[in-house]
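Read from first to last, the chains carry the letters A, B, C and D; within each, the first residue is number 1.
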Amino acid sequence: MAKDKKPAKKQHADGVAVPAADKPKSHLSKADYLAELEPLELALNNLARWLQHTGRRLVVVFEGRDTAGKGGAIAAIADTLNPRQCHVVALAKPSEREQSQWYFQRYVPHLPAAGEITLFDRSWYNRAGVERVLGYCTEAQALAFLDQAPSFEKMLVDDGILLVKYWLTVDQAEQERRFAERLEDPLKRWKLSPIDLKSRSQYAAYSAARDAMLAATHTRHAPWTLVDFNDQRRGRLALIRHLLAHVPDTHVPPEPLRIPPLAGPPQQENLPKRFRPI
Amino acid sequence: MAKDKKPAKKQHADGVAVPAADKPKSHLSKADYLAELEPLELALNNLARWLQHTGRRLVVVFEGRDTAGKGGAIAAIADTLNPRQCHVVALAKPSEREQSQWYFQRYVPHLPAAGEITLFDRSWYNRAGVERVLGYCTEAQALAFLDQAPSFEKMLVDDGILLVKYWLTVDQAEQERRFAERLEDPLKRWKLSPIDLKSRSQYAAYSAARDAMLAATHTRHAPWTLVDFNDQRRGRLALIRHLLAHVPDTHVPPEPLRIPPLAGPPQQENLPKRFRPI
Amino acid sequence: MAKDKKPAKKQHADGVAVPAADKPKSHLSKADYLAELEPLELALNNLARWLQHTGRRLVVVFEGRDTAGKGGAIAAIADTLNPRQCHVVALAKPSEREQSQWYFQRYVPHLPAAGEITLFDRSWYNRAGVERVLGYCTEAQALAFLDQAPSFEKMLVDDGILLVKYWLTVDQAEQERRFAERLEDPLKRWKLSPIDLKSRSQYAAYSAARDAMLAATHTRHAPWTLVDFNDQRRGRLALIRHLLAHVPDTHVPPEPLRIPPLAGPPQQENLPKRFRPI
Amino acid sequence: MAKDKKPAKKQHADGVAVPAADKPKSHLSKADYLAELEPLELALNNLARWLQHTGRRLVVVFEGRDTAGKGGAIAAIADTLNPRQCHVVALAKPSEREQSQWYFQRYVPHLPAAGEITLFDRSWYNRAGVERVLGYCTEAQALAFLDQAPSFEKMLVDDGILLVKYWLTVDQAEQERRFAERLEDPLKRWKLSPIDLKSRSQYAAYSAARDAMLAATHTRHAPWTLVDFNDQRRGRLALIRHLLAHVPDTHVPPEPLRIPPLAGPPQQENLPKRFRPI
């Protein structure tokens, strides 16, 4: 978090002290990031093996500001795991029919079966965020959602699902820098949509929506964790560390496997004549 | 391709000349790989924008030897694209109910809608490969599949879907090296299953199954492309280049967007007191 | 059952009087049934039109004793309505994968969209009934279900879904008569399963399970209505009347339609020569 | 329709004789219908048991003129069978997303698993009928469909699915009578849509579309059977008889079951005090 970009003492309206001092001076280097990431990947693999072994199920919700870095954080986790076990769910906007159904209905089919992990890249909290801020739902619908979300999540948790929720923070100056980058970098251009631009001027409204969301849905059974993503690499490491700490005792040794010697000399690909590989 | 690891002149049984000379002397370095990858990522983004613009649909099938590098090739493509547009489908083994249904039934729901890309990490060709070799289907079922697959694919292609199929090759010596690595590297351990070990001694049987598959399903409307993955980085680059060449004229300029100045000074995250980000 | 409509002699353990005397002397005749049914069918059609007009959604849960007559009651409703609007959901037993998911997960996709009706022929209450009595779930799972069901239903009701729950009663003597009929009548044979026979000796256990279910899930937002199905025709009429009373003001006049005269004389089917209709 | 069962006077353009004379003098009485239906119901139950026993799968497609009587014919079959085994599929119009997918995609998930029956109340043939006649698809799409349907059906049949297709005929005079009835009878009002009225003046266009459909999709592996539904009761009986003849040897004796005597006297429903059944 960047409560602390500049010379402080400064006191925010709600009384949170914002010390400039503890702001990271510079972003984490890629080399340092990868060095710190590796043991976490190992631990994620242990976690995944434990889930498989015990049949437990894990749901992780990723929410936060536009540009905060949800996609990158999800990729950092999913890339090291078996895609048959760890599913990323990034739903398109609902169809007209879906819009008329129970609000949670389209998310439910993606909840994990035994041993599985579901990473929600945005989630049912759309309604408390972008839908509410940009007026894609009525205020009554937003309030009803805030009322229902804790019940919905309690059912999942009571059913034995491990549920962890992250909200990724980023200051507007950094967000602006990233929007500009998306506009200029053709590899990031797809991340920039007209809706993003519409959202851009609503930084404060998103803050207010988030605060209302936290007030209503930060529960004992499904608390929120906020992660500072002003430095995305540091944010990812912090998030993964937190996730791992959430499920602490996951040690299950890998099944012992032995690779016996081959019966003959190793063979080479011997392709039918007309097939010449590229 | 590496049918040709050593001093050649050697003539394969089927008459394909195997020149040692054109064997890559060494694997592509990571730096070189990334440098070559970047323009391809750009072109993939153009392809994706073109699909969205035209409403065309793209299906890419990834098949090949165990350890060949399907997952890595898929990630190289998917990582640069919008996960709401480009879906990776890696199905778990079928349920008993699914096993009794039309063979293609469980794949069909994942076919793309307008503008979408589906990357199949293994596909309906399971039946021609692992199922046939390890006896998970009857020989009659395998033959029926080989008979039906071209019809099934013709329907998709006639419906306007762009369908591209890759089979990734790797020599057994290299495969063995990778199996050993999977056993030793805890980050790759999940890639190694008892089935892999069972498959390991069936290199020749997989070759025969592949050849039968090519003979039956390499059609004008849905041809196979074989890609040498003895060097995975070179393999990925070759595959992506081929994929891009398959859909050559995809230039659609990005929608012009302008980022107007903010109305006020950029704001900082101002979190409710009890929420301290990690 | 008509246990206590009037002063009775026999006193059950819990003090409920069970007068044999006011048992319906004879079953309602088919002609009388059909005469009484017709205006109800009309009202059901009005209800359906109102749902369509308002976009409201209706869920009706049918539970009760084996042989009580769930299927017949559902058919009496569904047969007069548009099958594109009114869906009957009779799920097969869950797959292994479904068994490991959130208990309510496999029911959720069947919840209605705007204007639709879903009739559940057995429902999530399986867990409180047959699963609990026959030991297909653990006692802890049954208790967890009883704890969760009111929350689940509250979410649906709060979302605006009209939810009505019926439990159909039948005395064991009548149930025995029907079991015997199922065994003898080849048209009813499919209704008789080995599980039914297993259930047959558990009449009291089902009573106890039902009472626990009522105690836990008879809520203000989703109350149970018990319907005496000792006479199935009377039961159906009572149930439909109650359902209609639950949604009282549903008058929407049908859209005015006019059938203009045909442009020419009416034509006859003129089939291609080789097609001779049967 | 029975137009040409015997020597006739009137000659249609294409030479099909249309004898008014052999039109059934009167409709089959309800009593006669029910008497004839009962043995057919028995045979349908045998068929269903045979499917379950052998794991075979049955798909029946119902197409035909508006008002011909598809729904009633389907009900006559489904009403006597286990709804967990025999599914009626009456799809709503496709969503925008579905419209952009492979044409057959939304039908595929409804294909039967082992032992199941699927009755399609309208089917993929929508495209050859209503969509083509009313211009809801392009002519190119209609032609592509006619080209693809035989391949699609061949795949199902080759997979072992029993596939039977019925097209229900009705003369326009009778159709007009039924449209008028739907307008007047409030119980049939939901069957009358603005689209029906639009279709009404297109009797000849539907004939032409049907003939094109028959020419393209009446195949050895999936032939059409036309059934005269000018008398709906006679039509249903003829259709069911034909269906049964299609799968002739289906005798599997029901599993022997014995109902042992109860351990004690039969019990009566003994409901918690506050629950008084209606």
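The rule we apply is simple: contacts are C-beta pairs under 8 Å (C-beta built on N, C-alpha and C of every residue); 3 or more make two chains touch, one makes a residue touch a chain.
To keep track of the chains, here are their UniProt names: A, B, C, D = ADP/GDP-polyphosphate phosphotransferase.
Since the structure is predicted, the reported quantities are computational estimates derived from the model, not experimental observations.
Among the remaining chains, those touching chain B as well as chain C are A, D. Summarising the inter-chain layout, the chain whose CA centre lies farthest from the centre of chain B is C.
Put simply, the C-alpha centre of chain B and that of chain D have 42 angstrom between them. Taking each chain's centre as the average of its CA atoms, chain C and chain D sit 25 Å apart. Rounded to whole angstrom units, the spacing between the C-alpha centres of chain A and chain D is 49.
Residues of chain D in contact with two or more other chains: 97.
If touching chains are joined by edges, the resulting network of the protein chains shown connects every chain directly with every other.
Only residues 95-97 of chain C touch chain B when the two sit together in their complex.
Within the complex, the chain A residues that touch chain C are 55, 57, 97-98, 100-105, 108-109, 111-115, 144, 147-148, 151-152, 154-156, 158-159, 161. Interface residues of chain C, counted against chain D in their complex, comprise 1-4, 12-16, 18, 38, 41-42, 45, 48-49, 71, 75, 79-85, 88, 90-92, 121, 169-173, 175-176, 179-180, 183, 186-187, 189-192, 194, 197, 200-201, 203-204, 207, 211, 214-215, 218, 224-228, 238-239, 242, 254-255, 257, 259, 262-263, 266-273, 275-278.
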